[in-house]
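Chains here go by letter, A, B, C, D, E, F, G and H, matching the order in which they are written, and residues are numbered from 1 within each.
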Amino acid sequence: MAKELLKGNIAFAEAAIRAGCEAYFGYPITPQTEALEHMSKRMPELGRVFLQAESEVAAINMVYGAASAGVRVMTSSSSPGVSLMMEGLSYIVGSEVPVVLVDIMRGGPGLGNIAPSQGDYNQIVKGGGHGDYRPIVLAPATVQELIDLTVEAFDLAEKYRYIVVVLADGSMGQIMEPAELPPMKPVRKPEERPAWALTGAKGRDPNVITSIYIDPAVEEEFNLKLKAKQERIEANEVRYKEIALEEAEIAIVAFGTAGRVAQSAVKAAREEGIRVGLLRPISLYPYPYHRVRELASKVKAMLVVEMNGGQMVEDVRLAVEGRVPVHFYGRMGGVVPLPEEVLDEIRKVHSGLAVPA
Amino acid sequence: MAKELLKGNIAFAEAAIRAGCEAYFGYPITPQTEALEHMSKRMPELGRVFLQAESEVAAINMVYGAASAGVRVMTSSSSPGVSLMMEGLSYIVGSEVPVVLVDIMRGGPGLGNIAPSQGDYNQIVKGGGHGDYRPIVLAPATVQELIDLTVEAFDLAEKYRYIVVVLADGSMGQIMEPAELPPMKPVRKPEERPAWALTGAKGRDPNVITSIYIDPAVEEEFNLKLKAKQERIEANEVRYKEIALEEAEIAIVAFGTAGRVAQSAVKAAREEGIRVGLLRPISLYPYPYHRVRELASKVKAMLVVEMNGGQMVEDVRLAVEGRVPVHFYGRMGGVVPLPEEVLDEIRKVHSGLAVPA
Amino acid sequence: MQTEIIIAGFGGQGVLFAGQLLAYTALDNDLHVTWFPSYGPEMRGGTAHCTVIVSDEEIGSPIVRNPRAAVVMNLPSLDKYEPLVREGGVLVVNSSLVDRNPDRKDLSAIMIPANEVGEEIGDKRLANLVMVGALLQRLPVLTVEAVGQSLRKHIPEHRRNLLEANIEALKRGHALAAGEAVSA
Amino acid sequence: MQTEIIIAGFGGQGVLFAGQLLAYTALDNDLHVTWFPSYGPEMRGGTAHCTVIVSDEEIGSPIVRNPRAAVVMNLPSLDKYEPLVREGGVLVVNSSLVDRNPDRKDLSAIMIPANEVGEEIGDKRLANLVMVGALLQRLPVLTVEAVGQSLRKHIPEHRRNLLEANIEALKRGHALAAGEAVSA
Amino acid sequence: MAEEKLVESLIYAKPESLYPVGTHYCPGCTHGVAHRLIAEVIDELGVREETIGVAPVGCAVFAYNYFNMDFAEAAHGRAPAMATGIKRVSPDKIVFTYQGDGDLASIGMAEIIHAAARGENITVIFINNANYGMTGGQMAPTTLPGQKTTSSPLGRDVEMHGFPIRVAELLSQLDGAVYVVRRSLHSVANIRKAKKAIRQAFEVQQQGLGFSMVELLSSCPINWGLPPVEALQWIEDHMLPAYPLGDYKVHPAIAKKPTR
Amino acid sequence: MAEEKLVESLIYAKPESLYPVGTHYCPGCTHGVAHRLIAEVIDELGVREETIGVAPVGCAVFAYNYFNMDFAEAAHGRAPAMATGIKRVSPDKIVFTYQGDGDLASIGMAEIIHAAARGENITVIFINNANYGMTGGQMAPTTLPGQKTTSSPLGRDVEMHGFPIRVAELLSQLDGAVYVVRRSLHSVANIRKAKKAIRQAFEVQQQGLGFSMVELLSSCPINWGLPPVEALQWIEDHMLPAYPLGDYKVHPAIAKKPTR
Amino acid sequence: MAKGRIVVDESLCKGCELCTTVCPKDLIAMDKGRFTPKGYHPAELVDPEEACTGCAICALICPEAAISIYRWVPAAKAVGVAS
Amino acid sequence: MAKGRIVVDESLCKGCELCTTVCPKDLIAMDKGRFTPKGYHPAELVDPEEACTGCAICALICPEAAISIYRWVPAAKAVGVAS
């Protein structure tokens, strides 16, 4: 397919459709509403399920139900709406059904505003619902990546019977840029639904989708199973992108839009002769700790750029373990940092570097 | 007052009353329901407000309302119920009203079970709602501490116009042990409500309680204000308890019930001649990073014990920065670790220590 | 010195109350104490147990793997806790509902027909205190008299009419345990 | 080479569409491009702007502090963006709604009575494309012909009746900018 | 009449749609009766293998241990949303929720109202036992004025706690609800009527007519502090006057006469 | 009649309970009319300094920029819960919520039903404009069958999206609700009636009678794609038949006659 | 000869006594001398006069579905129910 | 002499035209030749015959509370409204 000029929100919605998403349940919230609107048009057209839920609480539980029935299903929302989904997410993890959630983050806390933000990193990546779990979290930085990761999210969700969150800030939802949509994948036939799914106990023992394990020993067993799953995810699903890290003295770590902005700054800094590169984590869970740790033994300093007050920086520090200084530059409240600002920070970090030994 | 034999749930409810709590809104959930039941009896008796809300979502928003009106107010719940409060918590932080929440954690994720767990550390401490914030989190290990911290929670909440979470596992709610309740503090008179509160704009300009800052620059300013508040909290409100850390080679770090269990194990290990001590963080946010870091330069190894799959251990690692090995022992799903198990872990860590130089 | 006691049985046999009574007595006698229940999701039936720890110093963990004593009111509880009692510890078995003797030889074990004794005094619901009386004979961490006094102090109003019968149950249990040695 | 253009004005002046049109044209001409809107909470009124970046290589940040060019359709936009345009850059001002000249002397600035021109062609809503035409005269990152072709390709069905008028607007803007130099 | 050879025949046994196991319900709790009726109806309609149940959070949380069919366990109050998700992607299956009054009428009020308003083609079995059974007998939205519960220790004071919610009446207001009735489980005659209504509700779903709900007045002997037999009497004496039995909404498309 | 000296007198101006500022509402949107009526009533009752308003998430999110009185901004749909919290700790204050149909009837359905059931002594002003205004015109629970919105692009299909919810009718079912009426803002006569109802609702609260709600049919010219004048006509033509005006619940304690 | 008979599954019966109150012939009683494995007194058919009609009313109220009903029927009409 | 008169606050008027449709005397029109600071054509009183009664109907429908009403009243009855 050829590239089209696509708005992020439309792009991921259509990508989900092409990935065989059979059902979408959602509730309007800026800055992701266009995705819901696109779904409201396209899904019925294709004979698939679109339903505007009465709330995000209902939406995530409808998704939970549809996932239990064994179809590819998704929802999308933005920060306050996602907060309302926390109980549902925890149930979904606790029941091992595959679900895709796209979170187009906005400024917070509270009602905040509708401008782009990465203030919900902790909420999503560390697990804002109760219990021991971390969703798979994928953070795109371009519309093309948003499309590709949405498609991948469905595969990962099914591979692990797990929740996959595509985590992007408001600007990823609102930006338009050329990108290519994948070809239309046929939806699964009803008789091809997975063996564990609720499809009616015809010719088999009943299936049960539940998250209650009243005996602590049994619940612990389930927790260990989840943990083992997460270890497999950590071993197999780390994703990141590197830019200009060869011979870098300074490594920037930034994801999503902040990563894009940093990329421009890196370019400008390289033009000034500063040896700086960029590590852009794409999977936020599993986090590329290993690669960050490797970098920490190569560079002289790190600079984390986020559109928040400093959240992912903890993961970077966890990996760096004090080997090199980890600096932080963040903008909050819906302010997107400018490449010029990041360049300034790079200069500062650079000028603070010890003279070469 | 003399010591009484008190059940944790009753103890914190009564402590709140003695601290001048004027209103309680909650929803039943095991293992904290006795607190709500106690409130249903005592509050009307005292002419104060008790209301069983229709859900945890409603409860936290009623609390939000009452806090906006300038009274001491609290709610309590347990893990799945707390997940439903995440949006509300974020609004409360975003509006700067003082609120106390007691979370008596149970096994998860999902419906899980009702046995004691510390599986919601990340949810509470890292901020499970959207936006940049971290609540003040206090973790008691005895009924007496549960009482004292509940009282303190009200003071801290008002001092910082902030949310304070008393985070305890199910066993803290269910245990009975002797403890002393504080004397009854009179409730604030209506005319003594704070100047910012919604009390009717009589003889003053109207007050507004809101969390929306539609202009990113203004929201960022608010975020910086919150950050400054958090920095004050970090500077002033770190709390922890140390046991047998003098000359320790091994430091255990554990909070709440896990801390108590570790304390027994430390005692047994000391009897075996193993030089092990315990750091029990009481404030989980602000976290005693500084003290952990100091310890890391004194001991040879650390052992973190939690009733989860390993959550607080990240904060320990953040502080230790690789200086000494950080081991982890966790039980999940509502299983409370036994002192004997922790002792075994201590022995393992001890036998792995390098022979003294 | 720290003493751990587990009291276990069916829901409805009063094991939680028996444990609380020990805890109240410990408190009234200026000892450290914790009472820790198991609690189920159901309002109904099932098994219940609690752990009481009495100590002359601050108590760490409120549960232990190997208690000093176990009071078991039914067979599943015997099966579960007999192996866990600490070497040389105490095991009190409700022989009214348990039809086997303990296997372990290293314990101070005693079979008490608590239901029957309770019914003799007037109510089979007194079985729990018969068992407590027997326990205290073998494990004199608190006296029966002290327990009686605490009972007098803390018994809920609507149960006050049963006070004397309760105290009688304690005494009978104690006497039985004193008089009767059971081949364990 | 990367070129950043900001188009700003009141909501309803078609600034978002003008930017999208440039983005479509860039795409149709195999360039890299991003279009990034400001978006407000209100359905209504207020100011709107978008940033279009056209480049021959991968684009990092979709916004910049100092664009190469600014198209400003009202006074607040002039006030806001004039100081930000990069040295030597382009500034196109809708003189129909702006009653002052730009202050900066280092820019290639031009005043276009876009509303009037639009109305002349038949609809004041054509002002946005008049401005785009003028822009492209000063900043020939794309040709007016290419934009016209892309317009033909991407114009929504229900607006197709305005196609020729739109193209005319582009041309008029271009011609105006070519013919008229304004003392900036 | 001619002499006939008689044989002893098993004419009633536990329905196939229930597993042959005991429940965790308290003795005499009519949750068990409700289970049995649903199972009998599903057996009679022959749809066990096409049915997907959704259990609530409440005493019936382990319903899937008793119903011999596919089952999901919903979050507290969200069974109608979960059932919606299931039904929308499997419109040919029979989907029902089984919910208590705390679950449905308190925390789950938005979900049940909207499922009804949407005319979601599911069946809801609603167990009104005037309290929160599972958590130990707290006040529910259905608790009667003056009724003592562990969270209304002096009895429900309508000034403080508000008024009971009559769910059948409320849901009958919604256009998407096509069959909304209230029955009771407190006597044999009423149990028979309850079963008929449950059957009707499932048939409504089979016919694709829309949302159906059967509210069942049910006992909670343990939390009411009454022996099972007296608990049934309590339903008759106290619940019936507050919650009149009857057909609150019967869509004209439903052929049969109202069975009030 | 004797000659009288006439003076020119300001007989109507923006009420004191509104700040002298412009709103962010679209031209002709009757949110502004609703604001004005509330403010006039509060002025007339002389309770501005005792009133606490609760704003919704919706177009009226910035209500506190217009109302000259203490105000809270609730989470989406939770205004009744927030108002409950405020009222319970300040029973002598006048507390009202101002909510849209997405806010009140969709995400906030549980909270409004329970506030009504509890007889919470608050006043709710409910703006029914048949869509989600603020987020750009998506379908609301009140969107009419066939009505096109950005999330029902082919028109609301009741088979897919379900039926509109008639909120006044629904809430009138609840015993705690004492004054529940529907009015419209589409003409001068109706605006007059709306104001009377708003006044009645606040008076009900002053008298401590319980929950009061005034539903107001309101225009959303921008999302309906109609000029303001035509939008009012659209209310008359399309909304009135679906949402009949009237008094759905008037507690006997309210002296005045129904104003239907 | 009795027209019917009931069998109480004692592994299910919880001794709730509901069946005893509904039998039109008053044929069911609790066996106070015995406990089920779960510790309840089970219900039992007390039918010396062979009065049980197999009417199944008792089964209808049993919350545990513990009661099975047998009835003597004309061979032609005999249809087993799934067990 | 007119009985009344209206004053439209042009900083508030959004040109919605609602007032123009309700005046019983048809005295309000939009001034198409002028823009308010926010860019709307404001409403204005067009009352050459001095027919305005000060009935305040226009004010009643104005969503922006942009219209103030003045009326000539007997001095005895004159009470100002808070401004």
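Everything that follows uses one rule, which is that a contact is a pair of C-beta atoms (placed from the backbone, for glycine too) under 8 Å apart; a residue touches a chain by one contact, two chains touch by 3 or more.
Quick caveat, the model's predicted, so the values are computed rather than measured.
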Measuring centre to centre with C-alpha atoms, which chain is farthest from subunit B?
-> H
Interface with more contacting C-beta pairs, comparing E-G to B-C | E-G
Counting in whole Å, what is the centre-to-centre distance of subunit C and subunit H, each centre being its mean C-alpha position?
-> 87
Centre-to-centre distance between subunit F and subunit D (centres being mean Cα positions), rounded to whole Å = 42
How many angstrom lie between the CA centroids of subunit A and subunit B, rounded to a whole number?
-> 29
If you average the CA atoms of subunit C and of subunit F, how many Å lie between those two points?
-> 64
Could you list the positions in subunit G whose residues touch two or more of the other chains?
-> 38
Where subunit D touches two or more other chains, by residue = 41, 45
Could you list the positions in subunit A whose residues touch two or more of the other chains?
-> 30, 51, 54-55, 57, 80, 87, 91, 95, 110-111, 113-114, 210-212, 214
Would you mind writing out the residues of subunit E in touch with subunit F in their complex?
-> 106-110, 113-114, 117-120, 141, 158-159, 161-166, 169-170, 173-176
Subunit F-touching residues of subunit A, taken from the complex the two chains share = 27-30, 33, 36-37, 40-41, 44, 50-52, 54-57, 80, 110-111
Contacting residues of subunit A [partner subunit D, same complex] = 3-5, 30-31, 113-114, 171, 174-178, 257, 260-265, 267, 336, 338-341
The answer for subunit B against subunit A in the complex is residues 57, 79-80, 82-84, 86-87, 90-95, 105, 107-115, 117, 119-120, 122-123, 126-133, 210-224, 226-227, 308-309, 311, 314, 317-318, 321-323, 331-335
Give every residue of subunit F touching subunit B within the complex, in rising order.
-> 48-52, 54-55, 61-62, 64, 67-75, 78, 81-90, 93, 110-111, 114
